[in-house]
Amino acid sequence: MAKKQLRIGMVGYGFMGRTHSNAFLQAPKFFDLPYEPALSAVCARNKGRVEAFAANWGYGAVETDWRALVERDDIDLIDIAAPNDMHHDIAIAAAEAGKMVMCEKPLGRTAEESAGMVAAVEKAGVPNMVWYNYRRIPAVSLAKALIDDGQLGRIFHYRAKFLQDWTISADLPQGGEGLWRLDVDVAGSGVTGDLLAHCIDTAMWLNGGIEKVSAMTETFIKEREHTLTGKTQPVGIDDACAFLARFDNGSLATFESTRYARGHKALYTLEINGEHASIFWDLHDLHRLDYFDHRDEGTTRGWRSIHVTDGDHPYMGNWWVPGLAIGYDESFVHQAADFIRGLDGDAAAPTFADAHRTDKVTDAVLKSARTGQWEAAS
Amino acid sequence: MAKKQLRIGMVGYGFMGRTHSNAFLQAPKFFDLPYEPALSAVCARNKGRVEAFAANWGYGAVETDWRALVERDDIDLIDIAAPNDMHHDIAIAAAEAGKMVMCEKPLGRTAEESAGMVAAVEKAGVPNMVWYNYRRIPAVSLAKALIDDGQLGRIFHYRAKFLQDWTISADLPQGGEGLWRLDVDVAGSGVTGDLLAHCIDTAMWLNGGIEKVSAMTETFIKEREHTLTGKTQPVGIDDACAFLARFDNGSLATFESTRYARGHKALYTLEINGEHASIFWDLHDLHRLDYFDHRDEGTTRGWRSIHVTDGDHPYMGNWWVPGLAIGYDESFVHQAADFIRGLDGDAAAPTFADAHRTDKVTDAVLKSARTGQWEAAS
Amino acid sequence: MAKKQLRIGMVGYGFMGRTHSNAFLQAPKFFDLPYEPALSAVCARNKGRVEAFAANWGYGAVETDWRALVERDDIDLIDIAAPNDMHHDIAIAAAEAGKMVMCEKPLGRTAEESAGMVAAVEKAGVPNMVWYNYRRIPAVSLAKALIDDGQLGRIFHYRAKFLQDWTISADLPQGGEGLWRLDVDVAGSGVTGDLLAHCIDTAMWLNGGIEKVSAMTETFIKEREHTLTGKTQPVGIDDACAFLARFDNGSLATFESTRYARGHKALYTLEINGEHASIFWDLHDLHRLDYFDHRDEGTTRGWRSIHVTDGDHPYMGNWWVPGLAIGYDESFVHQAADFIRGLDGDAAAPTFADAHRTDKVTDAVLKSARTGQWEAAS
Amino acid sequence: MAKKQLRIGMVGYGFMGRTHSNAFLQAPKFFDLPYEPALSAVCARNKGRVEAFAANWGYGAVETDWRALVERDDIDLIDIAAPNDMHHDIAIAAAEAGKMVMCEKPLGRTAEESAGMVAAVEKAGVPNMVWYNYRRIPAVSLAKALIDDGQLGRIFHYRAKFLQDWTISADLPQGGEGLWRLDVDVAGSGVTGDLLAHCIDTAMWLNGGIEKVSAMTETFIKEREHTLTGKTQPVGIDDACAFLARFDNGSLATFESTRYARGHKALYTLEINGEHASIFWDLHDLHRLDYFDHRDEGTTRGWRSIHVTDGDHPYMGNWWVPGLAIGYDESFVHQAADFIRGLDGDAAAPTFADAHRTDKVTDAVLKSARTGQWEAAS
């Protein structure tokens, strides 16, 4: 007997449109799901390109106006993989149309935007989720399990960085295909909303709420050509941001992100130091978790490099055999699977409400960078 | 206009049945192919399980007798993902039926077996390939490109290892689900055919033919229960094998494989030392290639850890963005894509004839271990 | 013909008394020096122990009152390896007695203290130096050479950490043998003066002056037994400190130190990201410098791990052969050698005046942690 | 009361003359020894240079004929740091003169040579030792302690490599200052006696006797100018050597050494795989020991990188504080200290008899390379 379908309407066909589409195709092949995801329709403004995308991925229909997509009655779930400035209106319309909503991060360009989105999904009572995919890298999920199990004890320190180097050239324009992340109107902010939002989501998941922050930001290249106007215009985003933080549990934290760190492509790292044990993780070697346990016998104590590819590691029993790593995109497969499994049980996180709390922190970070003061983050 | 289909008949639903099925599904999503692979039928002896497998992966039909699969006229390609003792008969029957043939490695349990298989595909004139997937890990493909470009200069040394630790327990039986690799009648040999065959395939691809070898093998656990008979029987496979080799180009090599190396799950490593430069690769961190170039300025010379995730790295322009790694299974996607792209042009390697040359080396290795002499390897 | 002697009077026989004594003995064996250092006298309060120390290291005389040492006319140089609270008075007395002065770091417990010390040595016109030894780890010296040569281009980011874990236990007392670093009256501060001072010294040497800082500190364990009183008393030092900084050259920085980072013994790390290249160094693998040069050809670009053991690397031509590492204590040998070589030429750094600038930064850091404001650092 | 002196007569002032001299100077400063080593006399043929060496290191006298040194009655110990072809005659003469004898490795150029040396020291009953210094790198000593404690269980595999790249240039002459290692008459052999001898010494210490070997050698550059004759002459040494081995305990081994491995300066690595645990060590990061313990809990199992710098690690309690590494030369300090401590108790190893067993293995390796057969190694 065929499973009931979960009919998906995708908005966007960029980088994230591809990762999400692949996730919905792979998830039922590797995980036992209560519903069968179906790529029902995809929407984007450029008709020729959205048709090509639909043909490649097997979407049954295309739309060029997201409002038409939201109104279709053969769609159960709207998945928003469009640029940040479109999240708010689409999500609210989808919720009001009774659709489940999944949304790329950050949820809003500001906490004010995302507050409205949370209200909409809660009012509509529809399942919702934000694609903070790094929680479901198996090594990160293992870190969560170790912390929840009390293996680290009292936490003293948290530190996270997300370092890139792709915008160092002054010749790079703002705006346009793949470059909307440099346009503050579309993106909302620079590295703070794009990269630190990931760090903050993981951090609050692993270590609880953030009380306050002290931040600095910098825009190293002050003007860039804008592809829409063809003119050189001021750059509104933050190229780099670093902040100090205090967590509710008393631990101290440093966070930093930049797109000006030569040699780092997408180096998201996190480290947690607890009373008994510490962990370290690194997106460039995402299949490993470094773990130090002070309770090991003294002369053989050392940082363990855990190759997180065993059958009893999170998610890994569903893939290959020990030693054979999975990649970045499988984290989206896990998230799609967890979302679908959560439809009949406990809703999977992070929900819109969770992601709104992250937006509050990024707002506080940007505010602190302006005021030069410590700012409350929740 | 829809592309012409390449209709696939798969034999086997184990670990490799899954990697191949996934490869045929993902390949057309990420690569531009002249034919659209279609999962037409799958065959295995257990009807209930093969039906479940077919349902999961979307195969259109099932068979329980591979001869019936081979005879179907709605199949273009037979893909053999069954245990080693079935490769020979299926491949020859498929070729004789005019089907293209893809086969898991090693091609034969002996070079004599694979000689017959090569003869069959060549007589039938059908496209053929063996799934030595590691060639198409992007970091390994990059190594090949550097060597072909002359970056290493004259080669002095080659060394490869494939270390595992999963058979150390004496309680592990031989034979049965997933354990046929311990049954010499099914597998043909132990680590030599299972793991060193991979090392040899890559080595001859990167460094040319092997002239001669001196080997030793060991079976640490002499008897294991056989799941078919329920009795404790002598173990016929080699648990470990190491050999010295001379390549045709004058370089010296060491090869080693074992399933008794505590701490290593699937540690395939290779290193090549040339006059100007050296490379090192490691399956446990498969997305990196270590590269040392003596022509770098002296005080800043050092081993470079190349994160092989850029758009201009082999295959990577078809996946995500720099810094975001792919995993083990994508190497099968690349191989499926290359095979299909090769149908209208130069046939992709390794062909049956290539894999037969590898079987000759493994035969020589096993012979040398018996005779205690250096043996010719080609 | 024998060289003229440089007669040394050492104050202190602890950890630093040993590193300095060893440095003066090894320096002339490995470096060509204009003067021959002579271990003339050593001073400490405990007569039995200072005699044993003198016998072990070959000091010609002992004193138990540093004032007596300073007044000896058979001494050219006073080397202060005593706890922080003694630096000020000894240094000033030594300068006033016309002695050269070397002093362990930090120079003063406060910038006010060190201002007086600078005034004294400058008034007396005596050679002076502070033992910020990490500058002379060959890998760090190489980093300096690369930066001075312009290899990094414009600097965007600096980050440094000094992580330890030795004070996590609440049973550790403050004060007493080897534990005066926990007693704020003796030490002046906790990790800020003890560890971050090292980071700041290196940072300003490599990257120029620091304009302003925003800091936070924490004392995780609020009370500890004091060994002098036997009573449980409030802990006055900072157990952890993190701060944001802006350098005069516009680069952004993060600094962090703690003694509560499980798994890290003395993990001093620094990273600098420039327009063209980046460097990373780590005290736990002190003989390596990681270097990324964006000007390398694209597909083989990667972080280089430079094994800083070649004859053309800083200081290394005076030791062994390529590949054979030296350790921590050789950095003191280099500093002793450079000081002595500087007596007949350009004075070696860091001088008291340099170290006073570091004290100004640590003062600003501690002030910012109290005020919650950004504070000027120079 | 002053300790009784151990009066040393050194032969040789090259690389090893320096490491030994430094060792005898540092040993009594860091270790409690029953005798005080005294640098009494040094001998080498070049009068001017040996006088400069003596002045630098503080030797009390010089000789230019080793026979004169051996005959001095103010010498207790002859330490042979001269090229290999001088070991035999000096050692025997020293023993016959009743002197203790320490000798650089390899003991003899052949096992036949070293057999005579063993006979001489045993007949004379004088303490004797060979400078296989790597046993006393603390990480290697820790490995020995773990193995002796049974932590690894039954050993399955041993593998060692010693890779260099300093003789790749064809312009390098054989013979002359520092290049006698390329002259087979002086050195006895190439990498086998120079580098593999180290690997074999450590291996037999850690894993017991070697039963048999199968080897290959290569001389990549067949002719080089000889500095003594000024003529281009055949090269008699082995540039590279690899061999398979069986240990008496049934474990399998691979050994390899070369001076043609680009990117490796002095990369001595060793790995041992046991039933319960494995270890790995690497001279380029000599202060670390990698350790994998299968008995760790499954999901957090991983290779531990032990930073061997704690007070309870071998020898490290006598140096600095945790986290601060020592270097290569300290292994000689440890060996000097152990030799002197052994004079009043159990003699420290490796003795001449131990080193003779190593010579038997290198002889068997070279023989196997000639015969193409497995050869008995003991």
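When the chains are written out, they are named A, B, C and D in that same order, and each has its own residue count from 1.
Following the convention adopted for this analysis, contacts are C-beta pairs under 8 Å (C-beta built on N, C-alpha and C of every residue); 3 or more make two chains touch, one makes a residue touch a chain.
Here the structure is a predicted model, which means the values were calculated and not measured.
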item: Count of contact steps on the shortest path from chain B to chain C; value: 1
item: Greatest separation from chain D - chain, by CA centre; value: A
item: Rounded Å distance, chain A centre to chain D centre (Cα mean); value: 55
item: Distance between chain centroids, defined by C-alpha means - chain A, chain B (Å); value: 35
item: Whole-Å gap separating chain B and chain D, where each centre is the average of the chain's CA atoms; value: 42
item: Overlap residues in chain B, where contacts from two or more other chains coincide; value: 264, 303, 307, 310
item: Parts of chain C lying in touch with chain B, wherever the complex brings them together; value: 142, 145-146, 151, 289-291, 293, 296, 298-307, 310, 312-313
item: Contact set on chain C toward chain D in their complex; value: 15, 19, 21-22, 25-26, 28-29, 56-57, 164, 166, 264-267, 283-288, 307, 309-310, 319-330
item: Touching residues (chain side chain D, partner chain B) in the complex; value: 156-157, 159, 163, 165, 168, 214-216, 218, 220, 240, 242-244, 246, 250, 252, 254, 256, 258, 260-264, 273-278, 292, 294, 303, 372-374
